[in-house]
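Two complexes come next, and they have one chain in common, chain A, joined by chain B in the first and chain C in the second.
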Partner chain A sequence: MATTNGKPHEPLIEGNWTNATIDAQIGDIVLDPKRHTEAQLKRIPAFLAKSLPDQLKSPWFLMFGIGFIGVNILLVAITVLVLTGIGVWGNNQPVGWGLDIINFVWWIGIGHAGTLISAILLLLRQQWRNSINRFAEAMTIFAVMCAGMYPLLHTGRPWVAYWLFPYPNVLAMWPQFRSPLVWDVFAVSTYMTVSILFWYVGLIPDFATLRDRARSRFAQIAFGFLALGWNGSAKSWHRYTHASIMLAGLSTPLVLSVHSIVSFDFAMSIVPGWNVTIFPPYFVAGAVFAGFAMVIALAIPLRKWYRLDSFITMKHFDWMAKVMLATGLIVAYGYVMEVFYAWYSGVPLEQGLLHNRIKITEAPYSWSFWLLILFNVVIPAALWSPKIRRNLTALFWISMSISIGMWFERYVIIPVSLTRDYLPSSFGYYTPTIVDYGMFAGTIGFFLFMMFLFIRFLPTINIFEMKELLHHMQHEKDHGEGHGGDKTVPAEAH
Partner chain B sequence: MTQVARVDRGFMTAGIGMAVVGAALFAIGLGGKDWIHSYFFGYMFWLVLTIGCLGLTLLHHTARGHWGFPVVRIFEAGGGPLAIALCGLGTIPIIMNLPALYPWADAALVAKDPILQTKSFYNNEGFWIARVALSFVILAVFAAVNQAWLKKEEQTGDDRWRQRRVNFSAIGLVFFVLIVNFLYTDLGMSQEKHWFSTIYGVWLLVMGALGALGLASAILGTQHNKSPYDKVVEPWLTKDLGNLMLAFTMLWAYFSFSQYLIIWSGNLPEFTKFFLKRSDGMWFWLANGLMITGFFIPFLLLLAPRTKRVPQIFGFVGGYILVIRAIDMFFVTVPTYRYQLSVYPADIGALLLVGGVWCAAFAFVLRTAPLVTYRTPELKEAADHA
Partner chain C sequence: MSHGRDTAPKRYGVVASFRTPEELLAAANRTREAGYRKIDGFSPIPVEGLTDVLKFDESILGWITFGHGVLGACIGVGLQWWTSNFAYSHNVGGKPLSSWPMFFPVTYECTILLAAFGATFGMIALNGLPKPHQPIFNAEAMVRASQDRFVLLVEASDPNFDETKVKAFMQTLDPESVEAVWTSEGY
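Moving on, here comes the complex of A and B:
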């Protein structure tokens, strides 16, 4: 058995599995509808327990239902917005950007973990990514969809959003290429395209597995169509491997570029607190931090509800928590730098901004700064403890804390700077409206709705990569002693 | 029979040679007013390299990646307590000439400048010296503790020392980044009257890490066929180290470009001055040259699998990156005082003189322990992996 310092390595797949049982355990989440109704919720109000049919008491229906309600809220919010105009949001002078840009950046950040896990960890040969990459990629796509809605609707006329693309036209309209908002259009749309492509390519072998396992004719045809004629030949695998590596190579700079460009939305301006040179790496680290928090927050219940303990092990959570801790420290470093250099600059406007962020008794938004520190720095510091990293309840709540903290981070950056600009005559206070909150709640609902549709109809964990991992583990177990006696190299080192 | 790598001997000889030539060249410029600026450039290059070595030591102990085991001795020698102590001593000429280097130390200038007056609580001679001295003491303690615990672990084979080293490095890395950031702010950034940049500390940190990787790669590349490197310089190692150099090259370009773009776009007087000086006259061409030589060339070279497979090419690229870092440091430090691009003999002299002392110290530390050791289980694991 592989060891480190005489201690056995924790396997990445626990228990005794074969290819067939892996197919059944993961594939049947899609093919067997009972898998979504069998897990019953224990804490349910008595009146609901009596009135609801049994199948509606399952976690899948509960989450899908919450998502569905959220989608309806979103539709109402968008309808009110489109019919009335963006004046229904709380945006007004001096805050031309409010919850819309805050939520845009928040969602884009969450959308980073998927590609990071899929692409960067693939290039780094980290096999622990195999159990979590599929739903993290799905999360990326849905989070980017949520993010995209905000700037699209903020244009005021989303039906002419295509004007943002440079195409020859009789209006002589041409985007302002010096604006980072235009860079966003290209960065986010490219990221979305490559993420979908990467996700789909990764799904092809699993579609073939589902095609071969499906019992209904409709499922066989649907998955057969999606599998693009995959036959498992060496040629198919060869092309698949090349495509994956190429897409991973393409996605890696995209992961870094998207959030760097999002940071330029602020850093390119001259607003105090925005023209900050650390913003690009600090935003990227924040995105990974938020993305991993969301992956953990989703993985913990999914693992329990669909009995995926063998595939998403405590080792996976430990690794993810370590990544979160590391990126959280980079983010905390960013906060220290912002505060220190605002003071160090000696520039009254920068020092004023610092005052507006931290002075509890005098600054109207200081509460948000201190909540940010609590949620993003103080609470995640618990991840230094190995016990906490393996305590799923603690990890879940720390992840939630980070998700909230990252939202506050954007809240601190945006209204605090905009409400205290260069001219005291234009100082103000930003208050979001119910439509703002409706949009935010609605996108959370949309995200859940899409995630639980994905869980219902597509394999949540990469089936073939789990089988490949199982093969590696088996190979290592069988041949370990033949490799020079003391076989000490962990599987993930290869 | 396989030859034994005598890296220490090579560095000692080179160090003595560099010191002699450097002292002669530096002596030429001693009479002029610019000598301290030349010294500062030479000093900063070796300081940033030293801190890069220490940073990679801490990173390696924390992450426990296999790539680090065959080169950890090089990083320990380059970023060990002796090198840090020498860097601390190297600040003496700077401390003796503070007004020539730092606007905040020039009383007449401070009297006229309200921003400098605001910062005088922080930037004054006493506090500045205390901060710099304390930073070197803490960094030296970090290096010494790690080195001592690794040695203990090798001697006793006790796994507890390994765990202590890992825990210490993980927490140490957090403090290391903060301390180094403030040290670079004091030594480098405060030379500019009003300019500040939040990315400056990590920008220099990445430069140092890149230089340290270049140094290690150059040693491995030139000594790959000699013992003990002949047993560890395998394609997996050169590939991993090459990929790390590629990542740091991209990171350097990313930080440099982001910083420039944000400052250019903001176009605010307190920020632009730094780049205005560096885009004037021939400095402009050096800046553009650095873009090509510091990013595009190493990027394309390191992208090629052959570079990371053939030890000689790999070593050459490492050496090239190290040389480029010296030019980069020239670009970062010298334009603050020199409005036209010119290279004085004292610049090269300072670089060689400080470098000569550094190389001699590096060789001295290398001599005290085996270049590669297999005593601990992890080191054995790396060897098995090879």
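Moving on, here comes the complex of A and C:
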């Protein structure tokens, strides 16, 4: 067996699997409702444990229920907002951007890991992506949905949000294409569309598998409809792999551009603390950092509840943790550079902002900066330890810490910079309201709601790519070849 | 309801089912060597090398994607140039009307959007999808061609096609099963 760094080579799929058992293990999560009640909640009161049916004691139902409550909170928050106006948020003068934009940037960032895993790792021929790309892509789409709600509602009149798009109209007006906010509209809507296309293309062969495995007439028709009549012919596969590679190649610069453009919203302004050239790479790294944290936070429970240990192995967690460690260091470098710029620029306002961020005794918001450093720099430093990277409990909580830390990063950048700008007479303070928090909790609920619907109705892991990986692994074993990329092409193919 | 068109079931071809991609590849090779040209393979995963055996090397999809990308770039530049200079020209911060560096992000996004449409819908259209029912699905073996079987087809339209001969030939390839496929009534 091949070895890397003296350690025995760990397979990407553990145990003995065949194409048929992979189909059953992953596909039946969709086709067999029993798979969702296999795992049962343990710590529930005895009287509930006796009276409730098994379906209601499953973790799926718990998470779906939490998500459903969140969706309702979201609907209430949006209703209050639309009926009253955005004055119900804590936004004020000078803080025009508050929790709405923080959450927008936070959610968009979380989405980035999905595209990174599905596109960039595909181009780099990283086979370990196969077990996590499907739900990471789903996560991308739902996170972008959550993100999109905020600027839409922040316009104050979401029912005329289509004004943001260029279309011939009786007002004879067109968008102002020299504004980063208009670029954002194009970047985020393109990102959403391309992510959905890429996700759907990836699902087509799996829909065909489910169509042919389904027992119920309804599932056969539904998956038959979604599979578009996929027959898996050699010609179809040829065009399909070609299209996947091209979509990956298109998504890669796209994902880098989206968060760069989001960072232009800040970097192109003249607000102290925003007008920084390091923003685009620093935002992109932060997005990947936060996104991988969310992937890990979702993968750990899913793996346990649906017995996917063989497909999402410790090696996967180890590597994801390493990606987090690397991007976390880039982000930490960004924090250092922000401090350095403020000092090196010699601009009094930039230096004033720095004081306003970090001086515990004088600055009203310094707590948020130091919490950011704690959650994003200090706690994730534990990932240097290989033992921690393979300890799922620790990894789960470190991922949570990073998610919170990345939220604080945007808090520090957005309202804290805005509270004190050029005119001391207009210095202000920002306090989010219950509607702000309600919307935030609501979007988290919406995200969980969509994620668990996805887990119920669509294959959580890419079935055909797992079979392909299995085939490559068996081939490697038979031929005693090394690991990776081109070597796995069967010799007789040429 | 024939509407004057012949809708009776017709011979579509003969399929053989195999257990592994290697077996399919070897069988396809031998079928081609035996002189059959209208052959195709159906599999749950892409079988590397099978398109080489079938002498199928299509690169049009790349050009479709490229063409859409160019179109997207033109739309992006054209839209911004026309609206900023003619349709709605106004001075923003003293910047020139054709401030092309500022046009870059939207052009870039339009390019990617249209190229992605080209790649996705081009792939779907070239594959003749959506087409929920196809004659090949009448083969029993096809149910597992999306799961764990690898199916080889010799089409009836092949000039050398003769059902008994093809069946007999396919039996020599060591398949799991061999069957004749007919089109459905009305197709």
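Note that the second predicted complex is superposed on the first by the 470 of 494 C-alpha atoms of A that agree within 3 Å, B and C clash if a C-alpha of one lies under 4 Å from a C-alpha of the other, contacts with A are read in each partner's own complex, and residues count from 1 in each chain.
Simple rule for what comes next: a residue touches a chain if its C-beta (ideal position, glycine included) is under 8 Å from a C-beta of that chain, and two chains touch if they have at least 3 such contacts.
If you're wondering where the values come from, they're calculated on a predicted model, not measured in any experiment.
Set against each other, chain B and chain C touch different numbers of residues in chain A, with C touching more.
Shared-chain residue A:126: touches no atom of chain B or chain C. In the superposed pair of complexes, A:233 makes contact with chain C only, with no contact to chain B.
Of the two partner chains placed by superposition, A:385 touches none, neither chain B nor chain C. Shared contact residues on chain A (touching chain B in one structure, chain C in the other): 264, 489, 493. Residues 4-6, 256, 260, 264, 267-270, 275-281, 329, 333-334, 336-338, 341, 344-347, 484, 486-489, 493 of chain A are the ones touching chain B in the complex.
By the touch criterion given at the top, residues 21-22, 25-26, 40-52, 54, 56, 58, 61-62, 65, 79-80, 83-84, 87-88, 90, 92-93, 95, 99, 102-103, 105-106, 108-110, 112-113, 115-117, 119-120, 122-124, 126-134, 136-137, 142-148 of chain C touch chain A in their complex.
Within the complex formed with chain C, the chain A residues making contact are 18-20, 23, 166, 172-180, 182-183, 186-187, 190, 193-194, 197-198, 200-201, 205, 208-209, 211-213, 224-225, 227-243, 246-247, 250-251, 253-254, 257, 261, 264, 464, 467-468, 471, 489-490, 492-494. Chain contact summary for the complex, chain B toward chain A: residues 66, 114-116, 118-119, 122, 159, 162, 174, 177-178, 181, 185, 194, 196-202, 254-255, 258-259, 261-263, 265-268, 270-271, 377-378, 380-381, 384-385.
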